[in-house]
Amino acid sequence: MIIQDRMKVSGQREIAKNIFEMKLTGKLVGEISSPGQFVHIRVSDSFEPLLRRPISIASIDNERNEMTIIYRAEGRGTTLLSLKREGEVVDVLGPLGNGFPVDETSAGETAILVGGGIGVPPLYELSKQLTAKGVKCIHILGFQTESLSFYEEEFSVLGDTYIATVDGTKGTAGFVTDVMAEIGDGFATYYSCGPIPMLNAVQTAYAEKKGFLSFEQRMGCGIGACFACVCKTTEKNEKPYVKVCSDGPVFPAGVVSI
Amino acid sequence: MNRLSMELPGLQLKNPIMPASGCFGFGKEYGALYDLSKLGAIMIKATTLETRFGNPTPRVAETASGMLNAIGLQNPGLQSVMENELPWLEQFDVPIIANVAGTETADYVEVAKTISTAPNVKALELNISCPNVKCGGITFGTDPQQAHDLTAAVKEVSEVPVYVKLSPNVTDIKEIAKAVEAAGADGITMINTLVGMRLDQKTGRPIIANITGGLSGPAVKPVAIKMVYEVSQVVTIPIIGMGGVSETADVIDFLSAGASAVAVGTANFVDPFICPKIIEELPVKLDELGVDHISELVGRSHRL
Amino acid sequence: MNRLSMELPGLQLKNPIMPASGCFGFGKEYGALYDLSKLGAIMIKATTLETRFGNPTPRVAETASGMLNAIGLQNPGLQSVMENELPWLEQFDVPIIANVAGTETADYVEVAKTISTAPNVKALELNISCPNVKCGGITFGTDPQQAHDLTAAVKEVSEVPVYVKLSPNVTDIKEIAKAVEAAGADGITMINTLVGMRLDQKTGRPIIANITGGLSGPAVKPVAIKMVYEVSQVVTIPIIGMGGVSETADVIDFLSAGASAVAVGTANFVDPFICPKIIEELPVKLDELGVDHISELVGRSHRL
Amino acid sequence: MIIQDRMKVSGQREIAKNIFEMKLTGKLVGEISSPGQFVHIRVSDSFEPLLRRPISIASIDNERNEMTIIYRAEGRGTTLLSLKREGEVVDVLGPLGNGFPVDETSAGETAILVGGGIGVPPLYELSKQLTAKGVKCIHILGFQTESLSFYEEEFSVLGDTYIATVDGTKGTAGFVTDVMAEIGDGFATYYSCGPIPMLNAVQTAYAEKKGFLSFEQRMGCGIGACFACVCKTTEKNEKPYVKVCSDGPVFPAGVVSI
């Protein structure tokens, strides 16, 4: 169920240049049903900035009622978020949307998780859940440059992890697709989150495979009421459009017209 | 005694708080969060004759204490609203105000005629002020004669009272208000959004795909209050006020300015529970102000 | 090369930043804080023929990301401005834009005729958009014909180029812009304030003694940007843009929308050093954007 | 000189119900020239609330570069101010205006200082400076009720201090004027700060005396440029109006038309 929770900041640290890992504690955590869901965060009690900010859930610790989010402090809202200190309280709405289907890969099968930049975080909880049920995960993570890369170690613990940086400062020089080409197609499913051009390249490269992509759109309500976040769909979908916030953010490959 | 009850043409309101059109869909999403019967009424998303996909995205952009939207009246169309949305809302004890939109008079008339027969639709809200569609909408709302004629045409076919939603993007909103009153409007809802724009810093291009969008939220409240204050002094039909209502104090302001009820738009996005929160706080505010019934506040800004 | 210089009718601007009229008095107070020669220009407080005391107080009220004011054009009158204010400003290397106000055409003409002869007054700004005075002001600004005629009358007597300051409180600002251009205006300044109101929570009465006030500050920026974007596409004379400019990014937005220079109003109250701060930051922004000269940004929102 | 100073909060405590005493440290303190001057405080880095808040300087400690302000947390701005914690930084513009003329009372003479509610604070620094030069100060402080009263002890150290509360919960039941009636007129000068009706009553009661009153008005710029804070004057003044922010906030009795 979607709830509004005043969650406590239980951790906040900069894990890469302007990239923050924040831990939030509260009963909302108990409501999370799948990796790839997101929360809608009010960064200030003031009316400026006005709107909530959508941020993916990067990992969950049900025992501690704690979840982790990872975000880039870029504009006004996320910068304010990065100034919150441990112990402060943040108004969080969630969990929102439908995440990655863990069920679509069976134990023993291999899944490829492809993330780009700030699209990497939700793949972490996904990988935790997949590996926990016996799926072999291969991670391909793309970043602009080394100083903006994060979570290589965390992912490596769960499975093979390849890094690509556009400027070659870390891992393969180039894009995630360059790594994909090397790895081949010995896998059952792919899951991906990142910028639209990346999602497009991934779904084109893996056209024959079962895959799931997570999308972004500017949002108003975050719960499906305002029609801000719609995307046109391909003929694969019965409805001519989907809402990223409530129908997504994760869709089967090929559904969203990009 | 219910200290919050209000009686308006067609509407028996338990309280004067209702979500504004376009900010609450057809209720389903918020219905998953709280009991919609708590609300005074619900203004549902604009309904047009045919299904509309609306504008390309991005459709929203944030501004200082406000936001721009250019949804473009996306909705499933009259038939689907009649068959799927309105019947679903019947489970709640809450009057529905159906927001009616179109590109020409005939569209409005046809939607109004049909939708006003739905058992829970207790009033129509004629949307002559949507800034986000190319034709229709706002053009009716900026010319008194056109506003008059459209209102009269809809009045003729509607089974329920008709409220007309005014645009603030005019030199003299009083003229439009008087014109729709003369045409038989039962009430006025105001204000729709101000037209605005935001540019991308890097490229300089508009962020909203539709180029311009409608400005809403706390930023526009002073403009809305001023217009309600003015219009309520030149018409005798009641006003449902809106524009930036975000907390209980704002409701008091709109009533004081001359509104008989208040709609909450953008604030639903900031806090999805804002409507029930305000409804709960209102009696406390009345006590603070030493007022027995909320109706005593209506128009007190005019009285010296 | 000065990357920030701009040439406008009558005005050689070192940079495109100037304080907006009414938010900087006649410069003395800010002159005590920094060297006014840093500024691109100064738009001085509205000058009328006679001394004006202005409206009763309270004259200002805060709103969400904005403020209301109803100063009522208080100023010492033409003679005193000519004798005391303008000569004092001569010590600075900065062009003055004199804001001219009145109640009827004859007032405007007389003020314009005299004030345009002051050696440091390089341009006039015709204030046909002040919402805070009973007659004159805004009535000229809402009717294209009246705006045209007043502009023509002032053009006839002015020794310097004439800019006309437009009101946003109109259905179609493009009409007014085209009318004043046709009448010979050398430039347009926009926007003046939106009309708004704030009520006292306890009493329900307007806080501003004049009842309504002019809304300014970040809240109005989306409206201003949209209007500059529109007007700059229908006139060929340059625009000095304003409305909510509070930081360097806002300047980029106004230039992108189509303004050739930018005025800073309310932000001076929030940060009295804001103008020199922006002027200092602009070259850094240009570097970020990969732009050599600021003029390259003008109107880039129109270009696809 | 007026400067904009990012001052450090060196103390913040609630000294009466919703009344806060805040200490601010910075070089601005060195610029203060007279008691009764005020500062213009930006309570947030956001644009909401937008305007600065005018608050009187209640006392100065030049050695520590520290000043004290006392304010009622009432509306949005002052409430935000009350949430600032020690170590945080606040954008302060000042010192502004012309304060109480200490020179107008000579050593050995008696001065009466009459304050009401949140008008009491600036009288504290005034009394410190007057007593330091050998003026005998009598303080008459009016409050609504005991729980809103503050600084009795601080004033008592400097001179006789009478309290009046409207509801009689502390000191004389009634208004400052009731105390004034008891004390008589054996004094040289009076200084007063408080709500307009009080200022009016004080200047009427002491019509024959030399006195100075501090006024409030809603402000825009705070430095004399915007004409927001003007008051009409009586014929005693050469100009038909004064600006509270730059000509005042303190004026000789009888100048401002009330």
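All chains are identified by letter, namely A, B, C and D, in their written order; residue positions are counted from 1 within each chain.
The rule we apply is simple: contacts are C-beta pairs under 8 Å (C-beta built on N, C-alpha and C of every residue); 3 or more make two chains touch, one makes a residue touch a chain.
Everything quoted here is computed from the prediction, not taken from an experiment.
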item	value
Chain pair, A-C or C-D, that carries the greater number of C-beta contacts	C-D
Approximate Å spacing (C-alpha centroids) for the pair chain B, chain D	47
Between chain D and chain C, distance of the C-alpha-averaged centres to the nearest whole Å	36
Whole-Å gap between the CA centroids of chain A and chain D	55
Sites on chain D at which at least two other chains make contact	47-48
For chain C, residues contacting two or more additional chains	63-66, 217-218
Topology of the chain contact graph, where touching chains are joined (line, ring, star, complete, other)	complete
Residues of chain D touching chain A in the complex	44, 46-48
Partner chain A, residues of chain B touching it in the complex	22-25, 28-30, 32-33, 45, 53-54, 57-67, 69, 71, 74, 217-218, 246, 266, 268-273
In the complex, chain B residues that touch chain C	63-66, 68, 142, 169-171, 194-199, 201-206, 212-213, 215, 217-223, 225-226, 229, 244, 249, 252-253, 256-257, 289, 297, 300-301, 304
Footprint of chain B on chain A - complex, ascending	1-2, 4, 42, 47-52, 77, 91, 93, 217-232, 240-241, 246
Contact set on chain C toward chain A in their complex	64-65, 218
